[in-house]
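Heads up, there are several structures right after this.
In the two complexes that follow, chain A is the common piece, with chain B as its partner first and chain C second.
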Partner chain A sequence: MDTSSAGIQEPFDLIRLSLNERVFVKLRGDRELTGVLHAYDGHMNLIMSAVEETIMVVEPVEGAPHSQGSVNYVKRKMEMLFVRGDGVILVSPPSRT
Partner chain B sequence: MLIFSVFKTLTDQTVIVELKNDLLITGVLKSVDQFLNIRLDNIQISDEVRHPHMIAVKNCFIRGSVVRYVQIPADAVDTQLLEDATRRGSRFCYKRCPKFPD
Partner chain C sequence: MDDDSTPPPPANDAPAPPPPALNSGSPTDFLKGVVGKRVVVRLTSGVDYRGVLSCLDGYMNIALEQTEEHVNGRVINRYGDAFIRGNNVLYISAAEAI
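Right after this comes the complex of A and B.
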């Protein structure tokens, strides 16, 4: 099978084509990352640079039902980051517009 | 294998390991194995108020599966080399490490 062509044969090919591009990563625990992807493996362990992490924190509002807490986003920046694959939900390539 | 070899080249660098329980441990990376278990020396906990039981711990072994992130020094990795090694396939090594030959 020719995997060197630009065509996508298997799911990981999509990630391979995103190397050295800014990707969006959704993680367990209401965390999201954007950063430049430099390496990955079959476990979806990732190495990324210029990472911005967004953590969603739901703060309960007094008197309001449990499902209507206010949502806060905590942002954090990291220069170079290894992300363990077991926390990864999805990796999305940059939008090509 | 690729990520393992990257970590081997990072030995003796200062890294920040973030665990899945939100504990942040800064320390010098002493060794790593194929499961990405990590041994850190001279460690420091970033939030000692929240984790007072960790103040006295000076070095530790961290089971790979409890790690969420490892913040690594940006100048310690060659990103071009990383991408090339990733394209070749993850069974390949990132670069030869004289201290830990494959």
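Right after this comes the complex of A and C.
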């Protein structure tokens, strides 16, 4: 009766199964994180380590419509990070194939 | 103030239409019905996630499988599994027959 995924009853199970794994996190403000997930709570506050943050910055190009600026990616690394839950849009665990 | 002799609504002898046989049920029934089915989840940002709905909770947090991230009609990312925080959800649309 189980669906294809192993024992997921509620969405947070997906996060629980990702503890101590490298996860991808999409945040508000065109930011993305990859890092090892150490802890989370019901707000989706996260504790992550060995984090790389990617920030998408759209630079306006002169003469081009402002929706077509060139996109720059700024990266930075952090050893240990607390992420406030309300900034989280999506969390993707490593593929469980 | 209207006078008391307000006429009844225009003559319409047909009884009140029965609720449609299809498309009935509460929002909760809909959500129960789409678990395990292909859905489109649109976020308030306009980004669409297409995938198989594996489960959801009362906050509308969503677990999706075989997820494709669509922006402006283009696939820009794929995730094997994805947890979507419920506050970002605008709607969930069934992408196959329930």
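The rule we apply is simple: the second predicted complex is superposed on the first by the 89 of 97 C-alpha atoms of A that agree within 3 Å, B and C clash if a C-alpha of one lies under 4 Å from a C-alpha of the other, contacts with A are read in each partner's own complex, and residues count from 1 in each chain.
Note that in this section a contact is a pair of C-beta atoms (placed from the backbone, for glycine too) under 8 Å apart; a residue touches a chain by one contact, two chains touch by 3 or more.
If you're wondering where the values come from, they're calculated on a predicted model, not measured in any experiment.
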Chain B versus chain C as contact partner of A:86, first or second or both or neither: both
Which superposed partner A:9 touches (first chain B, second chain C, both, neither): second
Chain B versus chain C as contact partner of A:95, first or second or both or neither: second
Chain B versus chain C as contact partner of A:45, first or second or both or neither: first
Doubly contacted chain A residues - partners chain C and chain B: 86
Complex contact set, residues of chain A against chain B: 16, 19-20, 29, 36, 38-42, 45, 47, 49, 78-84, 86-87
Chain A partner contacts - residues on chain B that touch it in the complex: 1-3, 6-7, 20, 36, 64-65, 67-74, 76-77, 79, 82-83, 85-87, 90, 94
In the complex, chain C residues that touch chain A: 36, 43, 45, 49, 52, 54-57, 61-63, 65, 67, 79-85, 87-88
Complex interface listing, chain A residues touching chain C: 3-5, 8-15, 24, 44, 85-86, 88-93, 95-97
